[in-house]
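Below is one structure, written out as structure tokens; comments come after it.
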Amino acid sequence: MCRWAAYIGEPIFLEEIVSAPGRSLTVQSLAARECKSGTNGDGFGVAWYGERPEPGLFRDVLPAWSDPNLRSLAQQVKSGLFLAHVRASTGSATSRNNCHPFACGRWSFMHNGQLGGYERLRRRIDMLIPDELYECRKGATDSEALFLLALAEGLDADPYGAMLRATARLEALAREAGTAPYMRLTAAFSDGQRLFAVRYASDDEAPTLYHRYSRSRQGRAVVSEPLEADEGDWEAIPPGHFAEITADGARLRPFEPMGKAASAA
Amino acid sequence: MCRWAAYIGEPIFLEEIVSAPGRSLTVQSLAARECKSGTNGDGFGVAWYGERPEPGLFRDVLPAWSDPNLRSLAQQVKSGLFLAHVRASTGSATSRNNCHPFACGRWSFMHNGQLGGYERLRRRIDMLIPDELYECRKGATDSEALFLLALAEGLDADPYGAMLRATARLEALAREAGTAPYMRLTAAFSDGQRLFAVRYASDDEAPTLYHRYSRSRQGRAVVSEPLEADEGDWEAIPPGHFAEITADGARLRPFEPMGKAASAA
Amino acid sequence: MCRWAAYIGEPIFLEEIVSAPGRSLTVQSLAARECKSGTNGDGFGVAWYGERPEPGLFRDVLPAWSDPNLRSLAQQVKSGLFLAHVRASTGSATSRNNCHPFACGRWSFMHNGQLGGYERLRRRIDMLIPDELYECRKGATDSEALFLLALAEGLDADPYGAMLRATARLEALAREAGTAPYMRLTAAFSDGQRLFAVRYASDDEAPTLYHRYSRSRQGRAVVSEPLEADEGDWEAIPPGHFAEITADGARLRPFEPMGKAASAA
Amino acid sequence: MCRWAAYIGEPIFLEEIVSAPGRSLTVQSLAARECKSGTNGDGFGVAWYGERPEPGLFRDVLPAWSDPNLRSLAQQVKSGLFLAHVRASTGSATSRNNCHPFACGRWSFMHNGQLGGYERLRRRIDMLIPDELYECRKGATDSEALFLLALAEGLDADPYGAMLRATARLEALAREAGTAPYMRLTAAFSDGQRLFAVRYASDDEAPTLYHRYSRSRQGRAVVSEPLEADEGDWEAIPPGHFAEITADGARLRPFEPMGKAASAA
């Protein structure tokens, strides 16, 4: 399990999400509260959009809490749309290529969750990735595979449908292999214009996901855990939902990759 | 605060201390029990003696829990005398030169503790290190400074007296600066033949320190925390004591760097 | 192009190959002579056999010339059978998982060379790796893929035949894709008992490969480049040959993965 | 010897200096032409000014030629005043704290050169750094020491005089110790408003230094080596000179830290 935070709105210094708040992502890297792995020290990453259509990408293998490059970058760089992630490995090696966010073209993606029996399914999943996207397959995580499958399913034209189908393909493999829990995920992804988030699980233990508008920042954050302990107005995204996040709000749609029946099971 | 473990006795694979036990040092890097900082993820190190008089030294900045080099080295290398450490920084940067153990000639040294007001005292402390030892001053920690001061005080000829005087010099500076707690420390150090440990604090909160003979290993470990949860026979080294550790036992001497009066204060 | 050196014989400190000679592997990392890329600074690695059947594995992303861990390990560890490598990436990222040697079970493997059009063939090559070996597919190099394919072809039972068939499968793909040069390689690999090496190219530019017995070490090294400038008795392994290396000598067999005709083409 | 490049003018993407030109700093990291150490692979760094008075600082220990974070940052970040450096260690360890640029408050500084007998003088030099600046002494290089001494000499009020006096203090130590060459240096430094550069040697082998205005960028670069092989209009800063660099030009002043006589000697 990992922790992440994304932001869309007026440009702010990354630190306003990454390191300044009392329960910032950097604090969560050392002591997260709403997940089993309180320590998220297996690397970190930031993808941020600026003047170019492609995101900047900065990822490293050290714990976020002690990295001076992350601290300085977050103090110096402003962005109106960015994703930030701290990682707790569920098996894959600590390497930059396994750190989130992942980027491919204009898209960036980050993930928290697990896919049942992934290690034994990895080769079959790699085979699902089309040739033209395989050069973006740089690491060995299920997260990156989900991202590339969603791209293959048409993330550009239909972000909701593509993510739904990609999740379904992976969950189907996990169900076939019979390793429960099959699928638990929250994810955020962006094409530099729009910000999407999803919260879902094949059982009733979907990872937490919240969003909140900040008047001072004039933007909205969507996060694994609230960024301040004393802000009572963080709103939960309900399990089984997909959200397009804008500064103004979160437009929700049901997210049931295996259909209603499976979700209810 | 950090965690460490040292061993003397029949040669064993390093993993028997570093990674195999249920509460091994690697486990303590992620979740220590007997110190405030449960996470000790700011680097690690091992110093081990083999055929040469000088120790091998392997240190890196990643958390011990995820480093494949450490895991492999600990599985492959045998030694009858070694020191291993996982670090929780109290301020100094995460860099290899700030990771313990430190080595200088035949000596190796590692430390857990703090010196009151160190950051403001650092230059004055650096000035205490003699020219001929200054090339061994590679990092910026109080730990390395204590080691080099002990060497300057004659660690070779009189390990007990040298460590006592070095500790006294540093504690005197901290007392003068008035930043309590002045000194808390456990440390282990070796010249490749003998293994020494010390437990001390200027207040009544000395870090924990234990030792135990293992019949299966035919050697003795001295550790910040017991290596197995169900081994009831770990023996505490009392605060204010210096110990020479052998396979056979721990020969204790009172360690009162500021004199009896100060220790009682 | 990379540089590598392997050794079999009486146990010696790794440094006698890795860092001590005048043209040691570490020197070659900064200034190799017999290859286009004089700088081999994209990581390094050592695999060495000791008391266990599996090798110890130490790999890192820094240049070998400046890594204090490598220097210390090479001074402290003795082995009678080891592989050491310095890397010049031909495209894949600098990450530990892309550093040689690779290890899987008892086998270790390292490589210097290139496969024509690899980046575009990567997915197809990954698909050739059987499920049960895919957990050993940790990086993204052609080198690791060749190793895993050789394992799949039966490296245990028939090292010569397995390497021949694995090389043939990859060269066939490169020929089909039409990107010349199709295949250039030297490689060394070991199961902890035996040491093998191969030198081959689909054109007439096979990378260099030499071996030499050292009376003082009582062992034989097989290397990309001679370890001393003034040792005139390094013997070249001819292109298109496979060698089993022992302290006593190099038993050669022709290595023509595409058959005699293709080799002559 | 290292290589560096600085820029002042209209904001440009860092890559226009760091990685895009045919002889960019990244290219120089692998194959510099105008210095003895063609390989500058012992880390790199960038300090750039944006909306804050303090610079952003990004430094890492990998070679610049292979670092994806540097590549991405240089593509994404724009600045009208920045310093970039690739390092070839002359002895000090490869660690982030030994990478240039160094930053302290609003100032940033980078250096190429050497101080005769530095290793043996290091403690004496450290003692010259005043207490209030010692917290900025994070590494072990002569470069950082020169920077901190210049700050101590009043870099804010009198950049020229302060750098002159700091250089003189260090050169005097080297002369006293008798290890020639005493001092060779080029350096660039900035307070976020102004950009300064210096070229000097105690003998007649001052490292190279050039500057050039770019019409397309509307700014001026000052560099160790020209950024394009075919740009004939790079202007050398003569040895023994200090320059304030603006987009419009380089205002030169003689730089003779030991006085005219010594410089002539």
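Order of writing sets the chain letters: A, B, C and D. Residues in each chain are counted from 1.
In this text, a contact is a pair of C-beta atoms (placed from the backbone, for glycine too) under 8 Å apart; a residue touches a chain by one contact, two chains touch by 3 or more.
Quick caveat: nothing in here was measured; it's all calculated off a predicted structure.
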Pair sharing more residue contacts (C-beta pairs) when A-C is set against C-D: A-C
Intercentroid distance (Cα basis), chain D paired with chain C, Å: 40
Multi-chain contact sites of chain D, meaning residues that touch two or more partners: 68, 93, 96
Contact graph of the chains (line, ring, star, complete, other): complete
Residues of chain B touching chain A in the complex: 30-31, 39, 41-42, 61-63, 66-68, 89, 93-94
Touching residues on chain A, where the partner in the complex is chain C: 93, 95-97, 119-120, 122-124, 126-127, 129, 131, 134-135, 137-138, 140
Residues of chain A touching chain D in the complex: 48, 50-52, 54-60, 68-69, 72-73, 75-78, 96
